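Handing you this structure, nothing more for now.
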Amino acid sequence: MAWTRDEMAARAARELKDGFYVNLGIGIPTLVANYIPQGMKVVLQSENGMLGMGPFPLEGEEDPDLINAGKQTITQLPISSYFSSSDSFGMIRGGHIDLSILGGMEVSENGDLANWMVPGKMVKGMGGAMDLVAGVKRVVVVMEHNSKDGAAKFKSRCELPLTGANVVDMVISDLAVFARPDRKSPFKLLELAPGVTADELKSRTSASYQV
Amino acid sequence: MTGSASKVYANAREALAGVVRDDLTIMSGGFGLCGIPENLILALRDCGARGLTVISNNAGVDEFGLGLLLKTRQIRKMISSYVGENKEFERQYLSGELQLEFNPQGTLAERIRAGGAGIFGFYTRTGAGTLVAEGKEQRVVNGETFVLETGLTSDLSLVKAWKGDTEGNLVYRKTARNFNPMMATAGRVTIAEVEELVEAGELDPDQIHTPGIFVQRIFKGTDYVKPIEQRTVRKKK
Amino acid sequence: MTGSASKVYANAREALAGVVRDDLTIMSGGFGLCGIPENLILALRDCGARGLTVISNNAGVDEFGLGLLLKTRQIRKMISSYVGENKEFERQYLSGELQLEFNPQGTLAERIRAGGAGIFGFYTRTGAGTLVAEGKEQRVVNGETFVLETGLTSDLSLVKAWKGDTEGNLVYRKTARNFNPMMATAGRVTIAEVEELVEAGELDPDQIHTPGIFVQRIFKGTDYVKPIEQRTVRKKK
Amino acid sequence: MAWTRDEMAARAARELKDGFYVNLGIGIPTLVANYIPQGMKVVLQSENGMLGMGPFPLEGEEDPDLINAGKQTITQLPISSYFSSSDSFGMIRGGHIDLSILGGMEVSENGDLANWMVPGKMVKGMGGAMDLVAGVKRVVVVMEHNSKDGAAKFKSRCELPLTGANVVDMVISDLAVFARPDRKSPFKLLELAPGVTADELKSRTSASYQV
């Protein structure tokens, strides 16, 4: 039985460590904030210029000057600070963020990530995704294992234009978790969702991986 | 654009007078609809300048922000990182009426900072191995590939701050700061609109985000709408 | 160097414990004797680490600041822009005991910012046609020559702020800010000493100069001397 | 009769314009602040991180956290702002300062400036001088016309290591003022100190200049 979106987010949250500075992408990655273990301190960075992102505001307390990178209204915390976009991406590019969790369209077996454009479709832009994968120390991609038409999204090589080359450290799908110790190593299967067999996973994956 | 003739103008229209013409390159601050120069965009629409190249992280929405200038076909080219919220943008782009250059958001921010700081170009890991690097100089250092990105400047930068003083010193509020400080440094002429305009000396000199040297004209904006694109709330427990 | 174990240390000696060893590259904030990490420099002297490369705009004076580490021969190399106030420096340099690399002040500041911001290098007009450009890549754009300068990082950055909170957020005061903010971003480990240490939440988040992410250890300094190098006054009219 | 240091500073002050942002070097250039015309607004930048530098403090009001680039105690004004060294030199390098007035050891007829080192002597460093001459829109050098041994300091070419190549727009010495309209043009003699003859000037100058 495949993991739900929330289960995937909860699994991604297990990659958090006490004291981490973390950037969460839009979609399932945003849900990771709900699974930060009690007592663990994790500081969320929002690339539009904030460190120490708080929860969504209560109704009536929305502040249009206070949004996250998904343009959602948020709140500040006692630890928060604000800064410019260039300072924010200096922080990202300079390797000061410990972990980036973001969505993907395709990940290749050598760690390439594609998540920003589909040729022939309207392209909305890469936003900060290329900066995040190029700058953050560790990159975890959370995505459905297969696309709607059943095609593998963890594949031998990406067909879509890349967001970054050799930038992914871990893939969490609804079927399995793959990771590698460094960016010179191949991915290894770490976990299978309950009821998913190794053979089924293999048949739904085009990437090579160690088991 | 110096001169101790006061930097203070009555409103957006007067602040734009004499510095806008067709075919300019204009930087416009903000992230999404947060921290955008609302008054200046409206005045820019009303003045009718055409063929503009606009450098802005986003392109507004159909009925607000830079979307208004797309509607009137005043923009020839956008340099942005993300333009997902705008149907008219999509239509003009797909029909070939509008040119578009995508930059990674951090690269865009850094290019603007570089332009303002007299840096010709810089090497970044961002975009290496992607379409963004195509046609650009690259260098490999210790096995890592870096892409050469160049500085950006504008003929006119339009920025929005929270408070400003008669000297042009600016203070931003929360995440409405975003691209505004760098854009202020990169304009040959920079116009700032502020929610509160105070006398020089009222802002703490340790707490000024943009020193007045970067601001040639300033005015108090009015009728701020500040639309929220994704109103998201939590339940009271 | 993350970990929610508190960032707060009791004093300079404890803050340095476990992160100092011989042959490190250390950045030390300040301009002249203004805004220097007085407590950390004393503790660094007392811990006896040798063979240090120190990146700092100046080298202190004979009896204060980095001059103290020159006296004890703990510094092997200085990367600075101006070292005019220090006789012991001159003696060691002329005798070949001390290595020295001069950078133009703005280039030094920008190299440190680049190091902290993940920029491999940048092209600047500064130094073109001078000794500073020798051996460096150069490029000519529209008849202007630009020199490639590379980013600088440190094993350990020592900075001085006015106020800081338990989260590591820092606020500087007047011209004591100088090189401290960039150095805070460029250290693999950054230690901040502050005159006033407050709880998280007491500093205005819009007014924080150095976000806490850049600071791994922080403590309240004591016994600040803050010597004035050129006491200059005017007469009451 | 050669101009005094104060007369040279006063002459340099005539290059100020209303609304200018100006950086003044150490020595005679510092004196220029005393000759800003009444009613003219000139904002002084100090490259260690301040815009809107005020006068020296009154006795007892010195603040060790508030110094200029010459490490002298100064004061702030209502218009002042403080910033980091990288922001300060971004301002300088980015061409936002209208005028830099600084001292010189040698200026060549093609506008090269040498003012930071003498080979064989202890070198103190260039400080911000190379950044200023490379970044500021207009550069005025104020210096004695001849060195103590009588050698010309405005010469056909600099013999000392350069601070910048082709960066000087005007030379104000104790004997004369030379300027050029742009950096492709030769220098032209604009003014002679009272009692200094054109021939005397020529004999004490090794640079070519238009008269």
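Some observations on this one:
As written, the chain order gives the labels A, B, C and D, with residue 1 at the start of each chain.
FYI, a contact is a pair of C-beta atoms (placed from the backbone, for glycine too) under 8 Å apart; a residue touches a chain by one contact, two chains touch by 3 or more.
Chains and their UniProt names: A, D = 3-oxoacid CoA-transferase B subunit; B, C = 3-oxoacid CoA-transferase subunit A.
Since this is a predicted model, take the numbers as computed values, not measurements.
Common neighbours of chain C and chain D under the contact definition above: B.
In this structure, the chain pairs B-D and A-B differ in their number of contacting C-beta pairs, and the larger number is found at A-B. Rounded to whole angstrom units, the spacing between the C-alpha centres of chain A and chain D is 54. Chain centres here are Cα averages; for chain B and chain C they lie 32 Å apart. With centres set at the average Cα position, the gap from chain B to chain D is 35 Å. Chain B has its Cα centroid 28 Å from the Cα centroid of chain A.
Among all residues of chain B, those that touch two or more other chains are 110, 113, 117-119, 124-125, 172-174, 177, 205-206. Counting partner chains per residue, chain D shows two or more touched chains at residues 76, 82-83, 89-90, 92-93, 135.
Taken as a graph of touching chains, this assembly fits none of the simple shapes: it is neither a line, a ring, a star nor a complete graph. Per the contact rule defined earlier, chains pair up in contact as A-B, A-C, B-C, B-D, C-D. Those residues of chain B lying in contact with chain A across their complex are 31-35, 57, 80-85, 90, 93-94, 102, 104-110, 112-113, 124-132, 162, 172-182, 209, 226-234, 236.
Taken together, the chain C residues at the contact with chain B in this complex read 110, 114, 117-125, 139, 141, 146, 171-174, 177, 205-207. Those residues of chain D that touch chain B in the shared complex are 17-21, 40-41, 43, 45, 51-52, 76, 78-83, 87, 89-98, 135.
By the touch rule above, chain D contacts chain C in their complex via residues 46-50, 55-59, 61-68, 70-74, 76, 82-86, 88-90, 92-93, 112, 122-131, 134-135, 161-166.
Across the complex, chain C meets chain A through its residues 2-5, 113, 115-119, 167, 169, 185, 199-201, 205-206, 208, 211-214.
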